[in-house]
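Here the chain labels run A, B and C in written order, and each chain numbers its own residues starting at 1.
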Amino acid sequence: MSVANRSLVTIDDLSNGEIEALFSLADEMSDSMSQQCNLCQGKIMASLFFEPSTRTRLSFETAMNRLGGRVISAVDIGATSLAKGESIADMAKVVGSYADIIVIRHPWEGAAKVVANYAGVPVINAGDGGHEHPTQTLCDLYTLRKERQSIKGLRIALWGDLKYGRTIHSLAYALARFGATILFHPCPGLEMPEHVLRKLATRYKGKLKKYEALDRVSEKGLFPVDAIYVTPSIPHQLTMIPDISIEVELKAGVDALYVTRLQKERQARAEEQGIDKDYPVVDKELLKKKKFKRTLVMHPLPRVDELAYEVDGDPRSMYFRQAARGVPVRMALIALLLGAKEVTIPEEDEYSFVPCVDYPVYQRDSGLRCCNPRCVTNQETEMRYIKPEFKIANLKPLTLSCVYCEHEIQPGYIASTDWHEGKLENKKYHSSSSRWIRKIKPEKLVIFDSEAEAQARGFKPSSYVK
Amino acid sequence: MSVANRSLVTIDDLSNGEIEALFSLADEMSDSMSQQCNLCQGKIMASLFFEPSTRTRLSFETAMNRLGGRVISAVDIGATSLAKGESIADMAKVVGSYADIIVIRHPWEGAAKVVANYAGVPVINAGDGGHEHPTQTLCDLYTLRKERQSIKGLRIALWGDLKYGRTIHSLAYALARFGATILFHPCPGLEMPEHVLRKLATRYKGKLKKYEALDRVSEKGLFPVDAIYVTPSIPHQLTMIPDISIEVELKAGVDALYVTRLQKERQARAEEQGIDKDYPVVDKELLKKKKFKRTLVMHPLPRVDELAYEVDGDPRSMYFRQAARGVPVRMALIALLLGAKEVTIPEEDEYSFVPCVDYPVYQRDSGLRCCNPRCVTNQETEMRYIKPEFKIANLKPLTLSCVYCEHEIQPGYIASTDWHEGKLENKKYHSSSSRWIRKIKPEKLVIFDSEAEAQARGFKPSSYVK
Amino acid sequence: MSVANRSLVTIDDLSNGEIEALFSLADEMSDSMSQQCNLCQGKIMASLFFEPSTRTRLSFETAMNRLGGRVISAVDIGATSLAKGESIADMAKVVGSYADIIVIRHPWEGAAKVVANYAGVPVINAGDGGHEHPTQTLCDLYTLRKERQSIKGLRIALWGDLKYGRTIHSLAYALARFGATILFHPCPGLEMPEHVLRKLATRYKGKLKKYEALDRVSEKGLFPVDAIYVTPSIPHQLTMIPDISIEVELKAGVDALYVTRLQKERQARAEEQGIDKDYPVVDKELLKKKKFKRTLVMHPLPRVDELAYEVDGDPRSMYFRQAARGVPVRMALIALLLGAKEVTIPEEDEYSFVPCVDYPVYQRDSGLRCCNPRCVTNQETEMRYIKPEFKIANLKPLTLSCVYCEHEIQPGYIASTDWHEGKLENKKYHSSSSRWIRKIKPEKLVIFDSEAEAQARGFKPSSYVK
């Protein structure tokens, strides 16, 4: 299957084989940067940034220019057509009729998916709120692969703000897919969100072991490890999964330390809470620890204080290389999506060690709404045409994941279409925690947020409501 | 006459023949988009937007890039050099020494004309306040011509906010010139301004029939028609002009329905006045009416609520095609103004059915000023060098039209240069409503805004002052 | 020595011979503008403007586009990554890994030097606060050379705001280096800063004669001359330097009148102080004076009221030509720094009439800080990695010049490393105005801002402290 004419909204839009092929092309781009300047001649990339991001935007625009294409750019456009009340779908259709490819950054979670649905040309998500930033993840993976040949079996420590950093969520999924082991070192209060952990455990089927406060091994100057994720791709570990030992893991050394800054702009109260003061600094001292001896120090940048300048000259420091490699990676991506380059996708079996599980989709209009106020489905201008849609991520408890922003809701009430078709007296709803949740086939399921909603749609409470 | 090296400030800067030639070139561009990428190689377009407009700017920049030219872009520059007190004439001279062509959007009415006067290179008006937006009009006309082959004789309904929509004013003039019949469906309170109607009647010499409140034929869900304009280009109708019947016209069906949104940004009080609530929505239901059976639904975009999303898939919906066609139309325009393409202009006689009347110019400095506070001639930074200038649009009552913004003033007092040259005792002024208005030759006319102004210049009241 | 791969942070980064070679290349660019469009093909210029400046930015972007290169542009980025707390060094490293050359404008003085230190690619300073704007100076010099063949011996009057206009400081140094005579006509209260005058006198070794209030020759409508600077490059004048006579000088006529606007944005209180009202206007009347008969009227633009529009048509008016010539000058500069063009640098002896003196550098960490709050070394995000560094500009009084922003400090206390090495009892500090200032070798000097600082570092007061 060709990558041409597709969009990249989440990292899951590319298979492992496609990612490997993209990386090979990035190697080629990197080796002959100055010879690519006719590859996308005559093509136009629209760079639409509804949120400021100089670095990411310039990286994309550099990539397109290095390919010989042209760029039309709209920066900080929150205040213009949006102010006139236009929807992003309309914007996508219009810009899609101008440009050959669209790069979008938007503060609303799920916005890139909407743009991809309407643009009619390939769309690349350059960050949609706290949701995903898949090209950052590609740069991260590319650096790991470049420095360590293969990601499979690497031990990657995620460090700091694991809650608000969107790059960290995409990266965690990708690491799981490529068979890495993940050590979670969150800043207390900024742990990895539950839904990310659940997705890791359910979609990629690795083994997640969490440590409660008391079990956490606290080392001086380090954020404690609060969880370890081991993918099923590592055969010799599969057998020992039940026995993951934090002490053993911590001794084994770390292949990469992925540092994130405190996302102050998403968390206004960090300063008030004093979190910024407790945030430990990755410095020469810390990197002297034995476990970090051969550790790649990575960071999505910009950094603030969490990564000392004295580390910049250290050969283990990868963060400026990560940024620089964004150009060939994005060149490869753009060239592939525009169909300017053909690549051979390696056999899936060989790379896709962790075939992910597809959740069933729930599209019925039963009054459910995503609970995330930043979700694109909850914006006044977008509600006119977007219908909420969910995936059924879990049954016990019933958990729906918004297809746009991946936030989860746990609705309280269910019914079946079978019962009430034509038979009004049978039109009853039950608690979603009752046994009916397993009895109703997913395609027959009707889900309600509240009893009021169920009743408004003509359902009556059954005896399984509590 | 070649179009090369000229500017497009108002739609009247291009003759009908030139517009037809431009459309033929746009067809050519459209058919071989990817082969135009060397046409303007080495040329630079400056895109100067003093007001945000992502859509229009990206359309122009796409066009120039598709032609192989380069773009330098300044967005939202209201706050920079202007803040330093620079005039737009200075800005025009400087940027004109950098670029080969300038595209300007500016909130001041008449600003594009000033830029065209000083830049030394072709200038395209991309919207000057509420005045004109001629390339939007070109896109509109191009869509009509593309879908209906000829504009002559089409019946076009203008819908909604006819007061503040600058696109609608340019479009009305252009439709008159191309021989269309216009049906005015204004939102009550947002009727077409008097000066536009007067210009239609006097410059293009068509027949305008207005309907007073009681005569208006109100149909459910429709803005009532308050005026019909029939151009003299339609021979069989010329004879029946005295008998235009609203009922007959309304039955005849509509070729295009041109919908506009409520221009909230130009009319802060719309919400207060509740106009936004009464604004009817063009939806499936409305388009079921027999008269709309073969109607092209057009809209300059962005839309808000006035055009339902459910209509998007309807084959009559043209608005996204209008936007997409902006690219080849602007490509053709830029290529022509830069002299990169030569075209044969069709004979004027054949196309220019409505030869327009030229008003006499009034350039004398007699203290007259344009009354429009948004006119470029009334801005502090521009008054240093711009002299107000007017056209005499009407004599009874005496009506002057500002050459920059086309707003009208009706000055109260007049005199003649003949009478007082050398003879002080004869230096008298009269009321502009007196019979002298017809006796003084236009080139001898001296016009005053007030008696005080006349007297300050040494004139005494005649007996024809009241 | 090739100019390729170097940066232009201050005008002193180019020798006179290099400037002459650059001007020859600019002539070539100017004569065959349209044939340069492949010279920098495949190269990318990053245009980073942390302060708005439409004119300068568009000039650079035009230049790069005319050379066939590509531009990535970030405008008004003060609010984005900086808001995230990123340092400009990090920004420089990242953007330097994308682009082949960087143009930077930044409000912090010395910022361009920091960017040049970290970018890894050539950097052009497009204005760093009130410090320097060397390409403006190149345009100014180029216009003088173009109109008068040689700058040597020209008499240039600097007019108006000599305090805050950064262009005027760079220009003064450059004029000194090229052997011009400078007449200072400051607006009272906006005289040339002392450090600029000192640098003129000490680095370029010309003769500066200042006139006190009573001596100033006041002519009607003119700012009075308050100083004259004569370079040693003019042999016949060297002998008469002691006798510079203001009357003689004023009669001799002026080759160029360099007008500046009142920099209101840097001097909020100008309006309060009424300076803006006293600022004389250069108009037809003033230019009728005999001394201005053959004077080139120059201005860096934008102008406000200090230069009347009526002068625009005068053949002596150069300001729009200055702006237009910015394009070939910047084309030449970019092509040279990118190594896309090789030039022969004329022999230094022939052009560099005024070999400048190099001040010794003081790099010791003894607690000294630049006193300029706008200096890049005093910014919170930059203090993490920049160490203050100074040049010793003068000994009596001891004057250090910040290597970043060139502001001067006059620290009060000194010591010698000789005395105290190993001998604690000798670790004493003295007043910097004592005779020890000349006895301690520059490389042994330790300098303190305060007695407290000296004592905190273990020094004791000597008897030469007062």
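Points worth noting:
What we mean here is this: contacts are C-beta pairs under 8 Å (C-beta built on N, C-alpha and C of every residue); 3 or more make two chains touch, one makes a residue touch a chain.
Values in this document were obtained by computation on a predicted structure and should not be read as measured data.
The touch graph of these protein chains is complete, with an edge between every pair of chains.
Comparing the residue numbers each copy contributes, chain A and chain C share less than half of them at their mutual interface.
With each centre defined as the average position of its C-alpha atoms, the distance from chain A to chain C rounds to 48 Å. Within chain B, the positions touching two or more other chains are listed as 73, 75. Looking at the complex, you find that chain A touches chain B at residues 41-42, 44, 46, 70, 72-75, 77, 79-81, 83-86, 90-91, 93-95, 97-99, 384-385.
Of all residues in chain B, only 34, 37, 52-55, 57-59, 61-62, 65-66, 71, 73, 75, 261, 264-265, 301-305, 309, 320, 323-324, 327 touch chain A in the complex they form.
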